[in-house]
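In what follows, chain A forms one complex with chain B and a second complex with chain C.
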Partner chain A sequence: MWRRSASFVVDKRYYQHDELPLAMDPQNPNPNPNPNANPLSAYYLTRAEHHAVVTSDWLAQAQAAVGRHPSPPPPPETIAGGGGGKERGFGVIDEFNYWRKKPDLAEAVAAIMALAAVIRSSEATTMMELEIELKTASDTLKSWDTTSISLSAGCDLFMRYVTRTSALEYEDFDAAKRRLIERGEKFGEISLKARRTIAMLCQDFIFDGCTILVHGFSRVVLEVLKLAASNRKLFRVLCTEGRPDRTGLRFSNELSALGVPVKLLIDSAVAYAMDEVDMVFVGADGIVESGGIINMMGTYQIALVAHSMNKPVYVAAESYKFARMYPLDQKDLAPALRPIEFGVPIPPGVEVEKSARDYTPPQYLTLLFTDLGALTPSVVSDELIQLYL
Partner chain B sequence: MPDVQALVNDFVLKLKRRKIEGSHATAKQTAEILRSVVSQHRMPYTNQAASLIDAVRAVGEQMIAANPVELAVGNIVRRVLHIIREEDLSSTTTAIEGLGLSDDDVDGDENEDHPALSAAVLAAAARSTLRAPSLQTLLEDIPVSAAAPPNSSSGGDSEGRSKSAEKSSRSRKLKHDVIEAMNELIQDIDTCHEQISEQAVEHIHQNEVILTLGRSRTVKEFLYAAKEKKRSFRVFVAEGAPRYQGHVLAKELVAKGLQTTVITDSAVFAMISRVNMVIVGAHAIMANGGVVAPVGINMVALAAQKHAVPFVVVAGSHKLCPLYPHNPEVLLNELKSPSDLLDFGEFSDCMDFGIQGGSPLLHVVNPTFDYIPPKLVSLFITDTGGHNPSYIYRLIADYYSADDLVVQGKSTS
Partner chain C sequence: MDHRRVPRAVIDPKVRQVLVVTPPIPRPSHPRPARLRRRPPLRPIPVPTPTLTLTLTSPLRRRRRDAALVPVGSYNPSEPLLGTPPMTSPSSRADADLNFSDDAPSPPWIGRTGGGKVASSFPGSSGEMMAAAKNLPKSDLTTASVVKTLPGVSETNKGALVEMQADGIGATGSQKQKTTKAERRAIQEAQRAAKAAAKEAGGVKSAAASTGEVLAASKQAKAVKSPSQKKDGPQVTAPVSSSEKKVGDRLPEKDRKKDVPHPRMQFDDINRVEKAKRRAVVNQSEARNRVELFRHLPQYEHGTQLPDLEAKFFHLDPLHPSVYKVGLQYLSGDIHGGNARCIAMLLAFREAINDYSTPPKKSLVRDLTAKVSSYVSFLIECRPLSISMGNAIRFLKNRIAKLPHTMSELEAKSSLQSDIDRFINEKIVLADKIIVRHAFAKIRDGDVLLTYGSSSVVEMMLVYAHEQGKQFRVVIVDSRPKLEGQALLHRLVKKGLNCTYTHINAVSYIMHEVTRVFLGASSILSNGTVYSRVGTACVAMVAHSFRVPVLICCEAYKFHERVQLDSICSNELGDPDVIAKVSGRKDLNHLSNCVDNENLQLLNLMYDVTPSDYVSMIITDYGMLPPTSVPVIVREYRREQLWI
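Up next, the complex of A and B:
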């Protein structure tokens, strides 16, 4: 009765993941105790931390401070010290986790910071040694969380930079190493700058009196709308609820603190509300080679509805989220699982779809706003080919 | 440079009064005026490129503001700015490379904060600043901009410290190179029709039926070229109301011995099923691959899509505009005099201001342009070859530098 999807390979991985998270150990040269040895993906946990999954506690808190910006508690200032003393595999993950905790840093940035820390603590004396060390570290990172796209994209980008850039030629090893570390550490700055660039780019597209539909919580989209609000543009935002983590509630809270008129929708009201919408703005977890995006569950159906009603769908995402993947259908991704509460006990024998994100094909997207400029979806493959060919 | 200013003012006035219209004419005149701006510009000793860019930009802003609908003016201004940047960079990099080989000290104290940078690295980095930002340069970006701001010619400064004698020759060289490149640009604008029509035989086949609307010089030359190569084909010309330029085109085609049929604009849907290809000209090609074209062409594009007929746009590269159509219906249109539609004598009695609180009951609207979204266009044929709408961004990245889009965008809006 139940037909298995064509991409049975993924299905296999799915079950493996479910039962035996340590099953990959034989392939992994640096077995690491994955702290999340449960069916929830690490990707989801990061999201939950950064985008503050809305619980009733949070709502009470928000209600208590109506209109006030709920500032997240400052991250503990315990410097992990590069993890120099520990074994390499552990060090890079600790480092990564340390950076990941920072609320403003994206995962790709954290990955690059962690790799830069690997270079710093490395005792390699030749470029080749360093490369091998970095490769192991980045493989460890990637296998630690196979579901995160921007993590692997960040690792790939940095590896590509280290191994093939022409900027390191004609230099002695120490200078090159210093340069790499510096570059890695500047990356956080680059990512913040990228968000500002994207916000600037989008300003021309937000006209007075428009209605914008947003889905979920995206820091880039928030930055865009913040800048638009501070430029005294008059616009209205429709926020989807973003079940089950209700990230839309958090987003609407941020927006109302800015004084932007916001309306909350349940996720199933998108088609109903689409006729009053002028444009759809979404973020992305990853932009894949076809120019499509991987984003929070529900993006695909919003894009479909918007496309059928001739509304533009804009994606705001930093360019380090460009990933070398080419998903052919929804099941082609390693699913990132998350818990879903229904409020009532689910009858036994009923399955629940727990995947946290979906793939939106490029034909439903109008433009991608990245720090490389406003791009059509087909540019993405061009950029990736230029970089990795 | 008072005489240049007079030239500019004259041109601005003509643009404002719509004495000069059409992208080819405006593009050419803009390029010629900017050439005289550059040639009359007095070069200071430092930061020559920056001062040249400022001068061109000041004039450019005036000309763009005079008639924002003529997008070709802005395109040419940006092209010229890009040319200046490119020429400046090429001379800077050669200078740095030369210095790096001969004298390492100068290079060392030029960027004290990055002593590790070797001359070759700096040169490579400087070369990459002009390219549009890409993933490749993402990680290299920040130190480069800190060490060598793209606008100022840092090579020029360091050279000034070492060899001041060479400077005057270099300043003349920059100007000379820029003017040479601009001459090339003007020539490109002139010859774009020939280069486009060279490709005609690849696209028009024996016994095909071509449909066009209105009159475009590029389309005319394109059809002529196919005819000259002994292709026999038939052309349907939609008359292009309300200016009826299609009638003129039909006469011209017949004079060359082409089988021509004139149809009304409203007959396009009726005839489209017999057509093999639609070829039209454009007013401007936008950065997303959309087209601003004479009014009525969107209807033709929709008809072509309905019947899966290829919709081909021929346009010279001076029509390539790096802006996005944010709200094309509002921003990029021009409303012409209603006398094209109705004679004043016919509708003057409808315009009785006494009846309805001072406002006339009859309105006559005569827009000039249509916006055709990129998904309706099958192919662009420019002087550099045929391109898909999604490829337009790459042409734009080649022709314009990213700095100019933003600055000009702000100044125009």
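Up next, the complex of A and C:
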């Protein structure tokens, strides 16, 4: 086909332009890409760390992770460490990284916790000062990992709370500060509650005898299925493998622990299995303004297959994943890269698509379950406008 | 599609209050020529002076005064606000409902024939009625109140007055005119009372006879007539009452639809066009051979208006020269493009407000609103308003109406002027800058951007992206007859952009190498439909089928809450001659002889409608939105927009 030849050239130019650091890779004697040399997505690395199964003793690891319930309370030493003005930027990121390590905690919650820590350690004496301090902190956070949508959305959300809450202006500074910290700490609870709300919402859509296809490891989807199982619904789950970090294996493990019949598929078997599927359930890394979602690689093709076979595609995601971005196509996102192992050395001169996520346009989604309710994709923009404008 | 061609009833779409405004149906007794007669140019009539609006409008129009003021607009979004009361003194309006019969120039079939009949059923009793009213002043006859209002009038005059009243009743009843509920009830009451009085007159007659010989004698004479009249009295009133019942049934619907925008002027309605023509300042002759489907849109012979208007320059006292100038510029096409037209209009209004002084015994708010309305109707005659201009006018009128009464004239004027400045600044200039920033974020190096026609925002965006050092190529698609893209091409190439120029015929060929389509819009309607230069829909659809994202750049002040499904209902017709002739090509003259041919209908549409399915994104001053979010912006920011 000659049709898109010009844009193919354009694409190539774009890639060469954009991935200049990656072009160094082939020169590297090591066939496996070094995660430190590349601008890899910290967000996806963390996710892989939490939910991926890389080694053979994944079962033991997973069990340990499940058993590791509420972690010890936040250590005060990191907070004390963020005292110096120069060090603040580092303090925020350390704080954020500390919270991020917890597998049960969403990234946005971690971001807000980190910002709350900034407030706690702040020496500002006026609201304005505090706002500026918070702004710089959130900017450092955002620039530290540009690929994480929920990180920037969490920062935006908290900043919006700080700047828009009119009650803050009438209180004295200490009370306002206390209120903000309280809000930050409550956010973890809010996030957990949101998951429960979403699970409740989804129950009406899961019927006895249905087959559900899931993709990737989503904590919200897991919560949904957990609740359905505890409601004694009879359903079957098909799990995709979720290469390269194989999050599907982990997910199937969790489900089988609940006594839900699970079947594992390799990622390329989705179309083959779609006939017997009644609905597709996916999570989301971010919900964008068009109403589409950004999620782990492979979501788009599953949605396409499901759409062409007239199967509903449901998305379960908390409302703090709503982001003010509007990708027009797959390449319109900041690239989030991730190392991919093929087990064998890659032949020289062969490129590897390393993107960790894709964008699913709204027309392939049926409903979005959020803590604001079950929304159609077009409502997302309305909510965003009301949230941020 | 065929059903659209069915003449009147269907062309007036139901959504536009068809039930409320019934067009006056020509009486069979007054055969009207089916085709519009081309009458010799009437003498210039200045834009609404109080008497004029009153005399020209039928009772129907009087109920909806806004209609009277907005004569020749194919499209008029701001009518509810445009239609503020004309400069009528309160007294003249008050008695307007009473004396229908003495406005001479009103179409004769409206009041006279029906009214005369009804009146003729009463005259026999009118004298007695008066007498009865005099004898029984406490009776609940409604006509008695009429008598009371004019206590000094002599007996005969009273009779005449009642006759006139009856005449009016006949007119309203038989015409199914819109009157308020209370008025209708009053009329009905009056008729009932009149009937009762007529009957009573027979009974009271003997008593009345004893009061005076002469009076009695005359009554005797009339009493002979009265039985026959009693017979046909019900006959005449029966249809009246039935029609009123119908009106009564419709009433709740009317109330419900009160806030529905006023229907646009339909130019296939002969009566209305005639009336509008008589009011018109611009003297223009209708084009011949209009395409059937588009008869409801105005189309005039090109070039007929300008010389006429120029000649009239010194006779148009109610118009401010700056408004006049802008109107002429619209007419000649010197100012085009949504933003440019809107800014020019606002600046003209600003100047007019600057030179304005409130006439004695008038309030600034009312008089200025009427003034602005008259300016607007003049501008509409020059060229139909765009939706953005309608929104701007609505804003201005709102500001005028919101002026506190305590404000001095000088303060009010300066506040209005600063409001206009702010509107231009915030809603157009700044909005454009924000849109440019947003759109810039969507351009990547190596992109091929396609644009159609000439949009000011898109041009600003391209120039900005070029200045920021983005590497991209521009494809400008253009079309006959305006060839607006050539000017854009000229400016861009001069700035050093890499451009490709082609006509719309080649759009499907060029589209495969395009990565983004940027289009401007005249307006965006609340179902996400984009109303833009004709050809835009074609480009958007081709882009959609090639899976190229289509981005619409449009300021939020151009959003409108209306929904439009096709480009037929409201559109603008251009000069048909320009599509028949190709300038510079002497050999392409096949159509030169048959322009006047009855079988040839030329259609030069100005706008078309792009369904939201083909639009990937709308870039406005509130950010980047999917087309489904237009109603949110309209809902959330319309109020703010009006108030700024």
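What to note about this one:
Everything below uses one rule, namely that the second predicted complex is superposed on the first by the 317 of 389 C-alpha atoms of A that agree within 3 Å, B and C clash if a C-alpha of one lies under 4 Å from a C-alpha of the other, contacts with A are read in each partner's own complex, and residues count from 1 in each chain.
As a convention for this text, contacts are C-beta pairs under 8 Å (C-beta built on N, C-alpha and C of every residue); 3 or more make two chains touch, one makes a residue touch a chain.
Every value quoted in this text rests on a predicted model; they were computed, and no experiment measured them.
After overlaying the two complexes on the shared chain, residue contacts for A:158 are found with chain B alone; chain C is out of touch. Within the superposed three-chain arrangement, the count of touched residues of chain A is higher for B, of the candidates chain B and chain C. Judged by the touch definition given at the top, the superposed model places A:276 against neither chain B nor chain C. Of the two partner chains placed by superposition, A:129 touches none, neither chain B nor chain C. Contacts of A:332 after superposition: chain C is touched, whereas chain B is not reached.
Of the two partner chains, neither chain B nor chain C is touched by A:104. Using the contact criterion defined above for the overlaid structures, shared-chain residue A:290 touches chain C, although it does not reach chain B. When the two structures are aligned on the shared chain, A:386 is found in touch with chain B and with chain C.
In the superposition on chain A, A:378 contacts both chain B and chain C.
Chain A residues in contact with chain B (one complex) as well as with chain C (other complex) are 378, 382, 386.
Against chain B, the residues of chain A that register as touching in their complex are 157-158, 161, 165-167, 169-171, 175, 178-179, 182-183, 186-187, 189-190, 193, 200, 204-205, 207, 319-320, 322, 367, 371-379, 382-384, 386-387. Those residues of chain A that touch chain C in the shared complex are 2-7, 10, 13-14, 17, 289-291, 324, 326, 328-329, 331-332, 362, 378, 381-382, 385-386, 389. Contact residues on chain C toward chain A in their complex (touch as defined above): 442, 444-448, 512-513, 515-516, 546, 549, 551, 616-617, 622-626, 628-629, 632-633, 636.
Interface residues of chain B facing chain A in the complex, by the touch rule stated above, are 116, 118, 120-121, 124-125, 132-136, 138-143, 287-289, 324, 326-327, 374, 390-391, 393-394, 402, 406, 409, 413.
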